[in-house]
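What follows is a set of notes on a single structure, which appears directly below.
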Amino acid sequence: MIRRGTEKMKRVTRLVSTVVLAATVAMPLAASAADRSVKVLGWGAKSGPLKSFGVNSEAALRSAIAQINAAGGVKLGDGSSAPLEVISYEDSACKKDQNIAILRKTTSTTDAIVGMGATCSGSCQAMFGVLQKKVGDSSDSGVQMPILSDTCIRPGLAKISEWAFRNVPNEVAMYDKLFAWLRSENPDVKTFSGGTETDQGHSFITHTAIIVQAAVRHGFEWVGPSVPELGPKVKQGMKELQAAAKTQHWLMGDTNYSVQARKIKKQNPDMILVSSHPFSACGFLKEMKRQKVKPKLLVGLTSSASQETLNGCMSAAEGLIIPTGFAPITPEAVSANEIVSEAGGFLDLHSAAAWENAYLVKAAVEKAGISANSDTVAEDRRKFRDALASISESAGLIGPVTRDGATGEASKPYVYVQVVNGEWKVIHDPR
Amino acid sequence: MLEVKSLSKHFGGVQAVRELDLAVNAGDIFGVIGPNGSGKSTLVNLISGVFPATTGEIHFQGQSLSNLSPHARVRAGVARTFQNIRLFPGLTVWQNLWVARNSTEDTRAEGISFRWFRKSGPVKNEIDAMLEFSGLADKGDELASNLAFGEQRRLELARAAATKPRLLLLDEPAAGMNQEEVRDLGRRIRELRQQGMTIILIEHVMELVMGITDRIVVLNFGSKIAEGEPAAIRKDKSVQEAYLGQSEDG
Amino acid sequence: MDYFLNLVNTIGIHTLLGLSAYILLLTGQLSLAQAGFFAVGAYTAAVLTVILGWGILPAIGLAMLITGLLAFLVGFPALRVRGLMLVVATLAFGEFVRMFFYNFRWRVTQEGVEVGPDGTMGFSEIRYFAEHGWTSWEVTSLIWVFVILVMAIIWWADQTRSGAVLRAVGEDELAAGTVGIDVTVVKMAAMTAGGVIAGLAGSLYAHQITMLDHHAFTVLLATFAIAYPILGGVSNVFGTLVAVIFIQGLLVEGLRFLGDWRMLLFGALIIVVMNVKPRGLFDSQTLRWIKSVLRLHLSRRIS
Amino acid sequence: MDDFWFEFVEVTQSIGDGVLFGSTYALIGIGFTLIFGAMGKLNVAYAAAAMAGAYSSLAIYILFDAPLVVIFIVSAICAAILGYLVYLTCFRFIPVHNHLAALMASVGGLFFIDEVIVHATRGSPLAFPSMFSEAYFEVGPYGIRGDLLFVFFIGLISTGVLLYVLFRTRLGLATRAVAQQDVAARLCGMSIHLTNSTTFAVAGLLGGIAGAMTAAAVGILSPVMILPLTIKGLIVTVIGGLGSIPGAIIAGLFVGGFENVVMYFRGIDERDMYVVALLFIFLVFRPNGLFGKTITRD
């Protein structure tokens, strides 16, 4: 009985492996058969806990490109038009080695002129490190492939390579303006404290280098563990803050937030910062609610301005204020939002950037005047990169996106949203 | 050659061996018998260092074994077999002997050359001789786990002998054997003695014990109740009582 | 080409990682500490090339030495326990190392830019290969010289008495002791050798991936390290290589066309393989099959 | 002096919270220990199956608008079924003495369950309903969370039931017999597979409760919780002594309290480091854990 079962299993495995092998061989052949088009390849986390990021970005990117193609595609260097084509949207699983593998795959096995990934900041950092640092530096054997990313939000990543571009909000400016506005709106709010997840680089550094300093700059008083070095400049007192406040931080996979919440409760701040992804932000918010901690203001991390937060803790997140680079407040944004929802994704801070990137690619392609032949790929990539680098302003969904040529960082319009009655609502529009 | 002085071993409340004195002369085949649970196997485990004695001393060729780990005792010249065979089942017969043949001075050089060129050298010759001795000459490349029961017994004996011990402890080597195999085993044990090994034989099979031993010790409840030549032991009253008592118990 | 070379590099590095666990597995030790040694090797080599400006080879050499030493020291307490206890003890060690690097900061300013490990932010821009103009072929060659060297050494050791001794300890520690094998020494030697190889793998990984942070060295990596030899089978070194190709080549890269179903199949296929071939993909049965196929092929040719 | 009392209250409060929370670690630890006790094998997929049970119960809660009480029961039943499936796929057909293959298969099981959850939910955290989440007792300077207390009692009751089953019924006798001497048990006409699969199902029942408890205590369910919970569960199992149920309970509560104390004084970066160090101390000074017997099968 068991033997026969094993035999059967063996036959099944043989069948499966044959199919898999055949498919692996057939895939690249099928991809190269298409006619002249401007090819891009995207990737993001489509498995693992951050799956939603990849799924949303893919839906946004594909929808935007479909829209561009419906309107006639892009103009090439010889004056003809060609459609944009997404060769595929790969799953990088938020792993460094997989991101690098996809980057190299895109570069060496496809005719894509730009790679559009990836989800996690750490992975981006590794991927950007593989790229050539300075364009045209022949002593540097790094990969020469333009990357236009929508999610690598950790501060300072763009300077790793001249081939790397990101369309991510400038958190320094966002939080600076946010607290300025909060200051003027809420004169009775004086003190603040808060926590972050220390195992996620983006949350941790944004909290300790940007958000806290921005609050201090606008006259809020830090009532957490004493940090004399803390000041209004970005990164001022960051290390000291990291060392002093670690008893009110947590990890992304934590299940118990009682100590952290109690510590913050004892400090009795008027405003609490929860600089954390939805997984742990929700855990912490729920713990605060249980311990009946009711601050006058609740400020969150950009990455939490998403559907996931509502899924996880709609009622506990009530009142949470977050600056974000996307909200359906312009006609373009509303229509994009509808299209992407139909395609099975949500448009948020990150995936809206993927949508915008499609249009940015169109602009750069038209400016570069590429030829989109399979024998001019390397040349096209270089032209595309230079064109992308020279674009200092492009149209975003909720307003123009500008890019600083020196640092490579983008500067995007933003709005402030708040959870009101279980929904994200724009409470202020500083544009 | 081997001297055991007031050796005791407790397992929790159970006293497996109590105040035991033994002296084994070089070149003897020394029998240890006794009913089940009389502490025979514990004695072997104590001498070979599988676990430490609670109290007492073991001297081997004037050297105290008490603080030596099992492998150091092997190097001092004490080898053993197990009542329930413990071969290296995943290794070949050849490898089982190779591992046990513990001198490293020549095996290092021989390792690959033997495999690749099938050249003969002192180690190969020696191991081949061991295989011949245990009647496994044609099974050298067989996995130990694929051997028949009797063959496994023979291999274990050969493996213990391959460490070139001065003293060999055999823990019920005849268990589960038929008469012919037992006779065969007796012949092999005598041959090992001729090679210069002293042998302590723990056995239930009286035919073997009475046939080949020079002296016998009888244990009961961890204590020595008799000692002497086989013929004398056979007539000893206390021994008969001990065995009778056991057979009544069932 | 670049992509395939990159995949070949990944396979090489993971093979080394798997082999470091393979050696321990021969002696019957299931160690989840290999990810820890891997991390130590990675950080050491990266610090040497980035901060101290060493060449890649001396950096790899010292990284191997340090991880070997560390493995030797860790071996003392860890090898007091066995079985599942050892699994959890080594897991604890691996987590300890991870958390150490999670808190490890050593920033220096070079040409106006801060470089070096930065705690939870990671250690980025380990760009030795790119900065020194190494082509992909050269990187692959470097990695595979090491892989082939290590595989050859282990394979050779397996043919000698040392290999039989390692396996004997793995089969039955008590019996090994009673045929004169110093079990502690053998286990410590295996632990140290495993540490050295994991350190080598780590130092290559650091330069291949250019960015290190604690996310890379979790229990998951440690699980992969033991998964390779178990999945491949411990009858010889090629099993580990086969398993790495199966996991990294087929499950991770080969199944990409399945999109987000890929990782779902990942776990399921591991279960299937273990059910169909509990002694590993490359067990003695497979070996016999390959031999018979080869023989058939040869005999046909002759006739 | 006031400062001292203030600190004292804070610290004891943290310990209390931690101990209450530790009951989830204890339940996971019991699951590991039960299966180890019965088969001498490690089922790495256990915590994942437990969380999957909680996910399934949440799905049923949402789909059928079931009353809250049902959640724990449904979660337990789902996890028991999953536990049985894990036994069937990762243990049943793998040779008994091949521990490595079974371990690896259960690792595959962990990956698979984890990814199924991610696939079904897109990895998004989901709100998990909790009973008594509004109840918060204030006793002097201390505050006790009603839901945690509830969770703690559920844990105690299920452990009690388990202990009763193990030591007072024929099934328990069979389990313990198989654990101690599988050959002898087989000779006495007990079916190893039946006993083993029952053990997996019983452990699964407990796991489902633990999964739902954890989710209720945190208030959300998310796939990122699975791996940390697995590791904590293993640590608890080893500290408590392999195969010892009282050991797992005490170790679970202890680790819960301990990690909160470290969290209070040293912060997040060192919390897990100290837990690991605690494990090391146990391995060096009490290699068999709190209540472990000398291991004969490893």
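By letter and in written order, the chains are A, B, C and D; residue numbering begins at 1 in each of them.
Rule of thumb we're sticking to: a residue touches a chain if its C-beta (ideal position, glycine included) is under 8 Å from a C-beta of that chain, and two chains touch if they have at least 3 such contacts.
Bear in mind the structure is a predicted one, so any value in this text is a computation, not a measurement.
Core chain by CA centroid proximity to the global CA centroid: C. Summarising the inter-chain layout, the chain whose CA centre lies farthest from the centre of chain A is B.
Of the two chain pairs examined here, A-C and B-C, the one linked by more C-beta pairs in contact is A-C. With each centre defined as the average position of its C-alpha atoms, the distance from chain C to chain D rounds to 31 Å.
Here the CA centre of chain B is 48 Å from the CA centre of chain D. Chain centres here are Cα averages; for chain B and chain C they lie 42 Å apart.
Residue numbers of chain A whose C-beta contacts span two or more other chains: 6, 47-48, 51, 55, 198.
Looking at chain C, residues 102, 260, 263-264, 275 sit in touch with two or more other chains.
Because contacts link the chains in a way that matches no line, ring, star or complete pattern, their graph is best described as other. Looking at which chains touch one another, you get A-C, A-D, B-C, C-D.
Across the complex, chain A is touched by residues 1-7, 10, 102, 119-122, 124-127, 129-135, 208-211, 213-216, 250, 252-257, 259-260, 262-264, 272-273, 275-276 of chain C.
Across the interface of their complex, chain D is touched by residues 2, 5-6, 47-52, 55, 198, 245-247, 249-260, 262-263, 266, 278-279, 282-283, 286-287, 290-292, 307-308, 311-314, 316 of chain A. Put simply, chain C touches chain B in their complex at residues 156, 159-162, 164-165, 167-168, 170-172, 174-183.
Those residues of chain D whose C-beta lies close enough to touch chain C in the complex are 36, 42, 89-90, 93-95, 98, 100-105, 107-116, 118-119, 227, 231, 234-235, 237-238, 242, 269-270, 272-273, 276-277, 279-280, 283-284, 287, 295, 298. Interface of chain A with chain C (complex): residues 6, 9-10, 13, 20, 23-24, 27, 46-48, 51, 54-55, 89-91, 93, 96-98, 100-101, 104-105, 107-109, 122, 125-126, 129-130, 132-133, 139-143, 154, 160, 198-199, 201, 204-205, 242.
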